[in-house]
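Here chain A shows up in two complexes: once beside chain B, once beside chain C.
On to the complex of A and B.
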């Protein structure tokens, strides 16, 4: 697969030309300090640096809120007909950072676990990803290195690394290769050398670090079911669910029907993002709630990311260390702090 | 345009030559797609519960203890237990309590109208665990509905099992489900003494009642029960399990001989939506029927 050393201006021009051919989502500044993945238009800025994670992770493009699962129509004799809706329109996600790339990789796994989810996988198969390496932490919330996301490349079709003011552009898949311009990019022979060069300037240590590895964290969590740490963060939590909504590896959903007001015999079934921090997430008929307290829901979230899914899928930490949940929480609950406290309780520093 | 969409990793199983991803099997495409089923009968059993009989395009091929996702297009979808034993025809029986939006709507339907059905889903019971054993069924309220699918399967070939005991608990006599059918089971065992039925209510509510008054836990201590020969199956409201299990364990029943049918909120039925999790397990996939020794150590299993 090809690798090229390209001037930044040429990369920008190339991204712009791709965006003219199909929807290309690129993180763009919105409001004062937020970023959003949205279609790149003529005149929008293309900047790979000065990056802060978008509020909503790019992977959410693959499960858009309110996506239609199927349409129904009541036919002759009242018999309902159902038609599955799959979105196979091509798109490119560009400017995806390693943590979010790993998030998408994990969602690929989840959606192929057991039965394939045709809606996600169809969109995913028609999505090309242009990822970009991080050489400095985006801000103080970042902890991607400690959970194994910083050097993640799998799932990207093209991977960009900034080297001395230019970009090393590596095609990782045939699809990635096919997105490169025919000529104009100078082939680069010494990929290893350039990557080593980028590694030299990468900030070290990168972002915040846990005192234990993800494997050890998964191993100590079962013994911490009754830790006071849950109650402490549960007491502050407002159960707003923002931490779920911004997380690249939260994928729980709810399903709702919608009928066409002008023709009630037809309509669709949709799915919407849901979150395990919301109070009635685990409530059943009769009113019994299996996680009534915020502390039980916090524990579930943390154990899901750091223990349950780790054991179930054997893909390492399900928290990719993007820092979004901590950045977003109005009362300052940060999953990094929760896990650090748990680690300190289980294995106090000597 | 993007010339060739063969993202190898993800799409490999179903990438068509055109490059557009096509899920490999019809089943995959239909993950959330119901099949239309015609309502044959609706029979009110109590003030809140009705029995629904529907006809599917093809037999479900279910095991006892499995469930379906039942829907009314435009209204919604919910997990509902299959209430009949395995059968060769395409008939599905359910008992539905009116509690909210969808269930209220379903109760308004009449024979000849249509619903949507996905499934069957879940682990269900494996009859192999019950052959040749004495069986003890403990049910509370609506727990009778899924358990009926197992008991019907047992009653279809009673000679393949040992003694059968059913303890059922209801709030009042007016809440009892399947009284006639339960009586027919107990007649099956008349003379041989092989089927015993203990029917209890919390409160007779001044209604005529030929059963006992009390909780389903109470008769267990005095049952004629050989713990080495017995297998128990439990289904009822969340509060019931812990106390019944305590009684059973006190009688020497090993957790590996106790099966629990657990309820959780479910939105998808196929292990994707996250609602039904019991610690790391998915009730909709790994359950809803669990062998107790496989979940007893999980703090969220029997709260």
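On to the complex of A and C.
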């Protein structure tokens, strides 16, 4: 695969030209400090170097809220017919950070575990990802390095690294290579040298760090079921579900059927985002709720990210360290702080 | 036979009924499925019995309560439309004032002195208390918001027509904000009631640059204590906090307590 050293202005022009050919989602400012992945239009700003993580992660483009899974129609003799709805339109996600890239990698695994999810995988197969390295933490909430996301590259088709004001553009897949312009990008021979140069200027240590490795955290969590930490954050929790909905590795959904008012024998089935911090999430038929208290729901979230799915679906940690949940929580509940407190209790520093 | 549906209005702006009439195209499809037998905004007929009665507006006088009870006795299901019928809305704040104080604030001292001597008028005013519909009769479903959301109305009617359980959102407005990818109101340096308020509104107010004032009502599981502390931390004093809670929720637990 090719690697190129390209001037920033030329990269911007190339991204703009890609956006003229197919929908290209790029993080754009919303309000005072938010960002949103939305289709790049003529005149929108293209800036790789500085943005806070978007309100919701780019991976959510692959499972849009309220997506229609299939349409149904009751035909002759009451026999129902189904028509699956798959979205195979090509698109590009550009400006994806390594933490979000790892989030998409984990979602790829989730949607291939057991039975394939055709809705996700069809969108994913038609999505090209242009990722971009981080040389400085986006803000104080970041903890991507400690959970192994900072140097993540898998899943990207093209990978951009800022080197002394230019971009090292690496094609990682044939799809990525096909997106490069025919001419104009100067081939780069010394990729290792340029990567080392970027590594040299990267902030160290990068973001916040746990006192223990993700593997050790997964090992101590089973013994902390009754920790007072859960009750402490449960008392502050507003159960608004924001932490789930902004998480790159939360994928729970709710299913609803709807029929056409003009013809009640036909309709569709949709799925909507759901989250385990929402009070009725674990309520079952008959009205029993397995996790009625916010503290139990907080514990469940932390254990999903750092214990339950580790080994089964993720190496190290199912949390990618993007910091969105802590950043979006209005009462300041931060999963990094929760885990750090648990670690301090289980293995106090000498 | 098509289900018979009726609409009734009490004290309110009738904006909820207009929101429903605004569905236009879908409304015509809806008419294929139901018979509308009473609807002051749209027709002049009446009927002895109905399957669903939609109630808009809050209940103020005892004669209003009587009329509501009578409607309830004629209908299989009763559904409230919007914040007036559901919560008492902003007008319920007058319950915290004596009728005389309230009247003086609106019409002045001179007018108060005149009507207080009027035996035809004053007893009516003096015994007015703003109530939500559920304070007077049992309610089967509540359509929330100021005004209601047309899609939620259609969904409820469709569900009732075919006999399925309607999906009623019981999550906070924050869920809607995340689905719309809105910047959080708190990140703009303002405060919001979205975390403790029923969603289902697609967070329209926040999407248009405003905040959530809680028109859809307080979530049953709301952590009011933590929310109140959050507003204090953001610099609101107790009376400002109560004002915010009382705007739409004065008839509910969050607004009912005495001003400090």
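In the analysis below, the second predicted complex is superposed on the first by the 349 of 350 C-alpha atoms of A that agree within 3 Å, B and C clash if a C-alpha of one lies under 4 Å from a C-alpha of the other, contacts with A are read in each partner's own complex, and residues count from 1 in each chain.
Following the convention adopted for this analysis, contacts are C-beta pairs under 8 Å (C-beta built on N, C-alpha and C of every residue); 3 or more make two chains touch, one makes a residue touch a chain.
This structure is a prediction, so every number in the text was calculated from the model and none was measured.
Asker: Tell me the contact category for A:2 with respect to chain B and chain C: first, second, both or neither.
Answerer: neither
Asker: Could you look at A:282 and tell me whether it touches chain B, chain C, both or neither (first, second, both, neither)?
Answerer: first
Asker: Just to be sure I read the superposition right, which of the two partners does A:330 touch: chain B = first, chain C = second, or both, or neither?
Answerer: Second partner only.
Asker: Once the structures are superposed on A, label A:245 by its partner contacts, choosing first (chain B), second (chain C), both or neither.
Answerer: Touch partner of A:245: chain C, not chain B.
Asker: According to the stated criteria, A:264 is in contact with first (chain B), second (chain C), both, or neither; which is it?
Answerer: Both partners, chain B and chain C.
Asker: Of the partners chain B and chain C, which touch A:36 in the superposed model: first, second, both, neither?
Answerer: In the superposed model, A:36 contacts chain C only, not chain B.
Asker: In the overlaid three-chain picture, which partner chain does A:237 touch, first (chain B) or second (chain C), both, or neither?
Answerer: After superposition on chain A, A:237 lies in contact with chain C alone.
Asker: Report for A:69: first if it touches chain B alone, second if chain C alone, otherwise both or neither.
Answerer: A:69 sits against chain B, while chain C stays out of touch.
Asker: Pick one for A:256: touches chain B only (first), chain C only (second), both, or neither.
Answerer: both
Asker: Determine, for the superposed model, which of the two partners chain B and chain C contacts more residues of chain A.
Answerer: B
Asker: With the touch criterion stated at the top, can you tell me which chain A residues are shared between the chain B interface and the chain C interface?
Answerer: Overlap of chain B and chain C footprints on chain A: residues 256-259, 264.
Asker: Given the complex with chain A, which residues does chain C contribute to the contact?
Answerer: Within the complex, chain C contacts chain A at residues 26, 29-30, 32-33, 154-155, 158, 161-162, 164, 167, 170-172, 174-175, 177-179, 181-184, 186-189, 194-196, 219, 221-223, 226-227, 229-230.
Asker: For the complex, which residues does chain A have touching chain B?
Answerer: Against chain B, the touching part of chain A is residues 21-22, 69-70, 72, 74, 78-82, 84, 86, 88, 90, 92, 108, 110-119, 121-122, 124-128, 154-155, 157, 173-175, 178-179, 225, 251-259, 264, 267, 269, 271, 274, 276, 281-286, 288, 290-291, 300, 303-304, 307-309, 311-312.
Asker: Applying the document's contact rule, which stretches of chain A touch chain C when the two form their complex?
Answerer: For chain A paired with chain C, touching residues are 30-34, 36, 54-56, 65-66, 235-242, 245-246, 256-259, 261-262, 264, 273, 275, 278-280, 294, 328, 330-331.
Asker: Could you please specify the touching residues of chain B with respect to chain A in the complex?
Answerer: Its residues touching chain A are 1-11, 13-15, 20-24, 27-36, 38, 71, 73-77, 97, 99-100, 112-114, 116, 237-238, 263-265, 267-268, 270-275, 277-280, 285, 299-300, 303.
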